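In the two complexes that follow, chain A is the common piece, with chain B as its partner first and chain C second.
Moving on to the complex of A and B:
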């Protein structure tokens, strides 16, 4: 009984979205669509605007997560492995952008972007996305570094390995799972970002969530559902891949997507 | 020296972007609008909000009330639902249970809102089934559960997302506790309700309270769900803020920006309070 309820809760959203996405000319009060057809998906995929939105969203999220990892790595390492007097304030400075609502950041940033000419540019959007992704990358990586044993590196150093070699042969090797999780979180946050893209993009940058949002106002359930499923695919895959990690320490990443 | 170099990139980027954004926002809320050549700073926008005047200010108090209503009801019901679910899962959730809860977290709020629209609209899935079964005669007979005056659709959407989140928080805490207290209580003859009220609840209360404050702060500042599932009036504060900000009437922008900063201030206070509480409890 309990298991059945969980299955229903698990599958209801997907099945509902799937039913609408595969329907054609399905109206009240027919309980189910008369025919199922993948037409909506083929229409979306062959639509250049949607296709561009998918590619742009993917590229953006990948770039933002790589940048977050590169920028956040040294800070996460320092926080995770060292104790220093100002640590509390450093935490606070990193924590702050995750608390201020994206709305307030985005509205101010849209003016900033307009005045610096970054509005609607890829660089402007990337900078905007880094504000919410970087803190989570640092949080996650600092947690990984707190359990990291630096002695392996010292040993390699003592044996005469170069810093580059140590980084690639030891550090990267040992940290791979943690880096992957941190990167995936950043991807997830950037991929789902609506407000910052809208505000800093000045309405000219169309990512998948921006398209989805305007489709919902338009109101064709078939298109909306098909777009939702496309939008949903990466997060579902990522959460499935990181479920083990999330299960151990649920954090507020979810509040950002 | 090395420490500073490690921390500098992250801290510089975050504080510069956040600081500059908030500063520009603040300037705009004070009426510094270079576009219309306005360079005098004034508190007009804030005065309009408080006295209920102006394009956006007229709706300010109604929106504040509506935002508080939606956020408080969603938070309290989520906390109760999560407590219930965590107790039901019996503090030893199977991998399958944990996976199901995490699965829900994968749904962006936007998609969850779309799901609710498809499910609960007057011509949505449930209405179609009710119509096919002859329970209702026309879509108009189906209760208005989304885009309704009382924010029921918004609240239901948040419940679907926040209950699993808080449940995971509670379960993570319970996993670190041993069964000892529960066994002792059971041994001493405590029934299920007493065990819940006297053992489980005090154990999870700190996590539940700080988690609920986080949920409240998030909902209070969130735009997407109320924009999708709300009505024109009353609007939540974030919706009012953004719509005023993008209003062609440039004077409404200052008010929109001011509302947005007020939201940020309230959210920061609550998050700070939650943090302080956590630290006090170690």
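Moving on to the complex of A and C:
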């Protein structure tokens, strides 16, 4: 019974969205749409602007996740495995972007982007997205590193492996689940980023959230619902795939004799 | 075949008050198994880390066959580790784990396969190449870890309490296996342990560590029977220490009375000691006999532990199990045979 309620709570909004997206001419007081048609979807998919927004958003989110992982890895490793003076303040500095109101950061970054000529460029948007994603990747990876046993690496070292080889042959494998989760966080944050894209992109870079917001102000429920579902699909698919992958490969870092 | 020499090694960890290693010197002969024995936190593991290049010494030298290794990159030193945990790479099969070092060195797949099979025969687990580490028991994992370390024919094998997490029968079995394989391959080995029995059973020589340096190093039987100082004596289980003055074969102690000793040329203040197994208990008086009363008798199977009250002190003797168990309050003679009394200070 409890399970059923949870499923209803989870699925009801999605079903409503789906119904709206497929409806045509659904007016009060009709309980169901007069006509169901995938017209809204086909219209969206045939619209090059929407297609480009989807591809751009995906590329952006993937690039941002990768860069966040690359930038966050050394910081997380230092925080998770070592003790050093002022560790607390380093933590605080890394976390600051999540505490300060996004609009405050966004306005500042917008001005900075205009001054440096990065405004409206993909590179500028990528940099802007890394600001909110980095704290989450560092936080997740630091937790992974706190439980990480460097002796695996020392074993490889003693067996003659070079540091580069150890990183690719040992560390990446051991950390894969943690890296996947951290990357997923970054992906989701970047994927759903509206404010920073708008402020730093200056309206010239159209991502899916930007399109969605303009559609919402347009007020056509069918278009809004169809767009929302398109917006939801990639994260849901990725989370499902990751959950499956993590389920199959339980985090090997905790493995004990 | 490598001789390992430590000269005047010192190491202090940042933020620590006292050095973990302080003027540590030791030479391990080629093909020898030397154990470093001492209470935990005494810098035994640090020493292995220095050899492997995980840590750097503050001063002193480490030489392999007379050549300093401190300037050599850690992955070129050919000193391999075996820890308390096997640290098999969980995402590789047993065969791939063992072949890891060979792959790094650029051996061909056929050679790798052949050597892996050889090593698996040597550790007594033939044919398990395709198993996953998590399908093996703790003892098997340690054997595979040993195979992975030895397949590259390292110069030095470093054992950091590798048997600690295992059950006693598995542990004894593995100790014997490691010792046999080490002898067969003639690999210079340093074993770190706090377990006296393990050190005695496995080593050619034992080095007792105290205060960051070697307090005593010798063959296990010599260190066990005749530890050279009070601290080492306590570590190998000596409990009876007698303070007094020696003069030409007699040793006079305020608490113990007059005892005969073997070294006739020792004169002046000294402390003598005796192992609990060497104390004899009997009814009749003889040389070096002291009158006492049985306080407690504990049957331990292989031996009988007898506590005897002598004046104000309690002395503990380990008697062969064939002795009879005496009731508390029984008057006895405690014999401290002079050939077993040794000087510790």
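Here is the rule we go by: the second predicted complex is superposed on the first by the 234 of 257 C-alpha atoms of A that agree within 3 Å, B and C clash if a C-alpha of one lies under 4 Å from a C-alpha of the other, contacts with A are read in each partner's own complex, and residues count from 1 in each chain.
Throughout what follows, a contact is a pair of C-beta atoms (placed from the backbone, for glycine too) under 8 Å apart; a residue touches a chain by one contact, two chains touch by 3 or more.
Since we're looking at a predicted model, the values are computed, not measured.
K.L.:
With both structures lined up on chain A, is it a clash or a fit for chain B and chain C?
P.N.:
Overlaying the two complexes on chain A (C-alpha atoms) leaves chain C and chain B fitting together cleanly.
K.L.:
Looking at A:160 after the superposition, I want to know if it touches chain B, chain C, both of them or none. Which is it: first, second, both, neither?
P.N.:
A:160: touches chain C, not chain B.
K.L.:
Just checking: does A:152 make contact with chain B only, chain C only, both, or neither of them? Give me first, second, both or neither.
P.N.:
Only chain C is touched by A:152; chain B is not.
K.L.:
Contact-wise, after the overlay, does A:97 reach chain B, chain C, both or neither (first, second, both, neither)?
P.N.:
Only chain B; A:97 stays clear of chain C.
K.L.:
By residue count, which of the two partners contacts chain A more extensively, chain B or chain C?
P.N.:
B
K.L.:
With the two structures laid over each other on chain A, which partner does A:16 touch: chain B (first), chain C (second), both, or neither?
P.N.:
first
K.L.:
Once the shared chain is lined up, is A:78 touching chain B (first), chain C (second), both, or neither of them?
P.N.:
first
K.L.:
Per the contact definition in the header, classify A:135: touching chain B only (first), chain C only (second), both, or neither.
P.N.:
first
K.L.:
Between chain B and chain C, report the minimum C-alpha distance in the superposition, expressed in whole angstrom.
P.N.:
The answer is 14 Å, the least C-alpha separation in the overlay.
K.L.:
Pick out the shared contact residues on chain A: the ones touching chain B in one complex and chain C in the other.
P.N.:
Touching chain B and chain C on chain A: residues 252, 255, 257.
K.L.:
Chain C touches which residues of chain A in the complex?
P.N.:
149, 151-152, 154-163, 165, 169-170, 173-174, 252, 255-257
K.L.:
Within the complex, which stretch of chain A touches chain B?
P.N.:
Interface residues on chain A, with respect to chain B: 2-3, 6, 9-10, 12-13, 16-17, 19-20, 27-31, 71-72, 74-75, 77-79, 82, 84, 90, 93-97, 99-109, 111-112, 115, 127-128, 130-131, 134-135, 138, 192, 194-195, 209, 212-213, 216, 221, 224-225, 228, 231-232, 235-236, 238-240, 243, 246-250, 252-255, 257.
K.L.:
What residues of chain B sit close enough to touch chain A in their complex?
P.N.:
Per the stated touch rule, the residues are 3, 5-7, 9-11, 13-15, 17-18, 20-26, 28, 34, 88, 95-100, 102-115, 117-119, 123, 125, 127-133, 139, 161, 165, 168-169, 172, 214-215, 217-218, 220-224, 227-228, 238, 241-242, 245, 256-257, 260-261, 263-264, 267-268, 271, 275.
K.L.:
If you look only at chain C, which of its residues touch chain A in the complex?
P.N.:
52-54, 74-81, 83, 85-87, 89-91, 100-101, 104-105, 134, 138, 141, 148-149, 152, 154, 165
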